[in-house]
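Both complexes shown next keep chain A, but they swap its partner, so chain B is in the first and chain C is in the second.
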Partner chain A sequence: MFRRSAMVALLVPGLAVLAFGFLYPVAATLAAPPDGDPATVARETAALLSDPYLLPVIARTIRVAVVTTAACLLLGFPVAYLISRAPARWAGRLLALAIFPLMLNTVVRTYGWLVLLGSNGLISDVSAALGLGRPQLLYTETAINLGLVQLFLPIMILSCYSSLSQQDPRLEEAARGLGASPGRAFRQVVLPLAMPGALVGCTLVFAGAVTAFTTPQLLGGARERILSTLLYSRVNVSLDWPAASAVALVMTVLVLAVSVLSGRLTPKGSAQ
Partner chain B sequence: MRAAPIPALAAVCTLVVAAGACAPVRENDTDTLVVSTFSFATEEFERVVAEPFEERTGIRVVLDTGNNATRLTKLRINREHPDTDVVLISDYFAAIGEDMGLFEQVDPAAVPNLAEIQPWAVDPDGYGPAYTYQLLGLMYRTDLVEEPPTSWDALWDPEHPGGFALPDISVSAGPLMVLAAGEAYGSGPTDAETGFERLAEIGPDALQFYSRSTEVSSLLERGEIAMAPSLDNFATESVAAGQPIGFAVPERGRLMTANTARIVAGAPNRAGAEAFIDFLLEPEVQSQMAEAFFDKPVHPDAEVPDLMTQVSGDAAVDPAGNGYRQGDLDLIAGERSAWLDRYVEEVER
Partner chain C sequence: MIRRPFLTLLAAVAFTIMLGPVVILLGVAFTAGSTLTFPPEGLSLRWFGAALAYQPFLDSFRTSVVVALTSTLFALALGIPAAVALHRGSLPGRRVLENLFLSPVIVPELVLGLALFQQIMVGLHSTATAALVLGHTVLLLPYAVRVAGASLALADPRLEEAARGLGAGPVRTFFSVTLPVMRPGILSAAILAFVTSLNNVPLSLLLTGPGVATLPVEMLNYVQSSFDPVVAAVSVLLLAGSVAVALVTERLVGFTKVFGR
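Let's turn to the complex of A and B:
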């Protein structure tokens, strides 16, 4: 074993990189961008939170993130459960298949949706063939949700799988043996034990959905603005850094609030 | 005994990280020229501009690429210790940078080609010149639009088949379109009021507000829309790729945007920067840029490829003589925050 002082010394380079390469620039960007001071940022933040046009943007961002997280959980948990209970020689292959979308470039993946949801795309063609007309799918909030669910589903599956695969399957069998129905065994044994992984997955997906840029930009467009696309306009169009910092501040608070909440919800003593 | 190497190792790691983060400051560095340029067609730019310039002058060219806003931001953050010499940037961002005092005037004696280029391309305040330009017009699908449009009216025509898109205010075509509508339907190219009012009428009908230049080509090529106001170089690229795309020059409301070459205030290699700008304006270099990545020349002796005149007409050779002019850049730059909010609230509904 290393002595404590040696451990501390070994942490120094990593911490130095984190402090100077991440914490300092983030704090500087949030509080005092090159063009402003904390007071200006505070004023811009107050303006942002009281602007009747911008409040719907914040609301849309939260809605998109909540819907994406819920959909990922509903779709991802059963997949993770099945993989964790699959024979060992299959689990690895199935897991690789589940995370395959993560290997694709975001722009490529998003263009796939553009083709699929477009007015000449497959869904539109099927709908027209059924006599239902051609619905406008692209450049809607639904399109953003679809794109984000596909993007983040692998992360949810991985997080849930990490909890589920560490459960001893005999616990579930024991519950069944003691007379619990399959549903009850799942609810009272599997689900509580899988909570930590599911919560980590929810936090990661929520944070990702709040901050995602390419997918909402390409699938939502200018009308379906969310905080990340608003941030882009503030930086790249009006070059108004204090206003951009205000947007970034709101996004950071949203993500932090959700991680704190998820930390509170995680059962004590369940650290793995 | 065992612990001693570990703090040493930690110290070495910290030093390596710190050293890696620092680069020597350039001062009076006449051997190197740092050129900040667009991240588009970088390889071709290396081939027809950077490498020939290196061969002629012996100055090593280093390219720093990115979009306009990012590069302007870099210049601004490094204002006290500039490490960039020349920046190729669109006229609108150049106007913002000028307000921030990021550029230096050019000595006309050091850039003899300034006297040769089209007069509109010379900056009235003595800053670096425009070296190429793009025309705003209507890009359309030749197979979906039966008669080529001749005016911006096509966007307001309720019969337009196939739908249309508009530029977002974040791309160059956005603010230009406000001014073009002002010129076509109001008192002139500074009548932004009329421009906003007219665009607000059709905003709700637009399928999408494109925020990347590649997005407009993609929307047209996928057949999502039949037309969109756009810069002519995207039409040229689509036509060159064999797509059924046309470009209409409107009879009224002719606005263009230019890319300018600016010398950074306090540039470590000012002489090299001026030599580079002069090189960029030479007829052969201008011809090659037109051939390689459709940058329309401003030097009258440069050769304009036939494809460009096919797509954009005579304005591809002489924009000013064909009624095209740059937007009021001080107006666009000064009002940028107000315009962004107004566009979002009134047009992008």
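Let's turn to the complex of A and C:
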């Protein structure tokens, strides 16, 4: 349609903004914050990776992301499967209901947990009424997991649904017709064919859980730090920029590693 | 009869976890009491009054809307031409260029926020609003390139060739063939980008200045410092707004088409 030089010109403004607003600041901050140099960040990163107080933070971040991903898959896949096999009218409504929370900000979505899990919250009241005392629910790793599962379920449902809705339901019926039990047809036909979508979902949820901020801040607080909330306190409370850069570096590498790994596992040409 | 009791049970748990906390929110927002309790202690609208009288929420809402509108426009203005070049340009290294445009997705938003705070706000003395618009434009650019580009990938390039063959110049072809073909994609990208910007916390968190913060960040700060139900009332107002946006989206392009990406 256009000459090649004109096509290149169409890309230039976008590339310029990416360079100035993304590549340059991120590279500069990860390499050397304003009051430090690469050696400082390297020293801080080494300190972070050998600090007995900070290693549990990294371990907790990974643990929370793994648990969240597994729970989202366990709960989200059935939703996606049932929607993909429901009559069209219902399927549309259920899918809309599952996606709707994505329109709300994370404070709105997490707020309800503060009420449920608080020291005078609903669950605590029920537990006290049953004579079980008032367990600490808020500011625990379980609270973070619950909040993150709520946050990322829609994404897992969508990813699984994109694979499941492309599957021909007659394949499952054929397996049943050939004598497979419903459970066996599900395990041997439905699940393997839905793997690409489930894998994309797991990658997105894992990366999202590693980098989520609002929910771990509100539900884990200073008691149960993960990398993102640690980064924030390094910037805002201790004002230690090289240390913040070190945390940012570890977080970025973690997310990149998972993306690369899942890219290796995903067959070429499958839907993203 | 339920055909798959085990899967149905898991799905019911999933919906309870997704929507339960939002239902709790409604109860808390309409409470007559002054603590976060559910079920509410009587019904009243007092916290809605309190929310609308709290100046920082009004200011930050305006900031959020201005940032979301501006950065959505910028992202579309930069992303649509890029999508056209990527899909119609037969350029060498197309995949590399496309990945470059999608790359902001890979870096944690909190890290991008820290980078913009240090390098642009502190380093170049920019205002918080300018840093917010720059950051959100970068955040939304991948949506614009991918979503607007998707409609282009589906369209037949021979339409444009036909227009050229019939004597239209490249500019006229773009405005009377390419752009109309991209319309649903552009609309989807615009809605998705606007909502994404309006809801963002991690990127906006550090990009604050005197009297400047986005609404979600202001809400987060409020929740961390006081324990009254004002934020629940704000949340219900946002919920109502989101329902309205969802209904309009459903009319225009299809709700699940836009948000199901």
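The definition used in the following text is that the second predicted complex is superposed on the first by the 246 of 272 C-alpha atoms of A that agree within 3 Å, B and C clash if a C-alpha of one lies under 4 Å from a C-alpha of the other, contacts with A are read in each partner's own complex, and residues count from 1 in each chain.
The criterion applied here is as follows: a residue touches a chain if its C-beta (ideal position, glycine included) is under 8 Å from a C-beta of that chain, and two chains touch if they have at least 3 such contacts.
None of the values given here were measured: they were computed from a predicted structure.
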{"item": "Touching partner for A:114 - first (chain B), second (chain C), both, neither", "value": "both"}
{"item": "Contacts of A:138 with chain B and chain C, given as first, second, both or neither", "value": "first"}
{"item": "Partner chain(s) touched by A:126 [first = chain B, second = chain C, both, neither]", "value": "neither"}
{"item": "Which of chain B and chain C A:6 touches, first, second, both or neither", "value": "both"}
{"item": "Touched partner set for A:17, first chain B, second chain C, both or neither", "value": "both"}
{"item": "Which of chain B and chain C A:256 touches, first, second, both or neither", "value": "second"}
{"item": "Partner chain in contact with A:213 - chain B first, chain C second, else both or neither", "value": "second"}
{"item": "Contacts of A:235 with chain B and chain C, given as first, second, both or neither", "value": "both"}
{"item": "Chain B versus chain C as contact partner of A:222, first or second or both or neither", "value": "first"}
{"item": "Per-residue contact with chain A, leading partner among chain C and chain B", "value": "C"}
{"item": "Chain B and chain C footprints on chain A, overlapping residues", "value": "2-3, 6, 10, 13, 17, 20-21, 34, 111, 114-115, 118, 120, 217-218, 232, 235-236"}
{"item": "Chain C to chain A touching residues, read off their complex", "value": "4, 7-8, 10-11, 13-15, 17-25, 28, 35-38, 74, 77-79, 81-82, 84-86, 88-91, 97, 100-101, 103-104, 106-112, 114-120, 122-123, 134-135, 137-138, 141, 145, 157, 160-161, 164, 170, 173-174, 178, 195, 198-202, 205-206, 215-216, 219-220, 223-224, 231-232, 235, 238-239, 242, 245-246, 250, 255-256, 259-261"}
{"item": "Partner chain B, residues of chain A touching it in the complex", "value": "2-3, 5-6, 9-10, 12-13, 16-17, 20-21, 34, 53, 111, 114-115, 118-120, 138-139, 217-218, 221-223, 225, 232-233, 235-240, 243"}
{"item": "In the complex with chain C, residue positions of chain A that touch it", "value": "1-4, 6-8, 10-11, 13-15, 17-18, 20-22, 24-26, 28-30, 33-34, 74-76, 78-79, 81-82, 92, 95-116, 118, 120-122, 146, 149-150, 153-154, 157-158, 161, 182, 210-214, 217-218, 228, 231-232, 235-236, 241, 244-245, 248, 251-252, 255-256, 259"}
{"item": "Chain B residues touching chain A - in the complex, by the definition given at the top", "value": "3, 6-7, 9-10, 13-14, 17-18, 21, 67, 69-70, 72-73, 76-77, 96, 168-170, 207-209, 211, 215, 218, 222-224, 336-337, 340-341, 344-345, 348-349"}
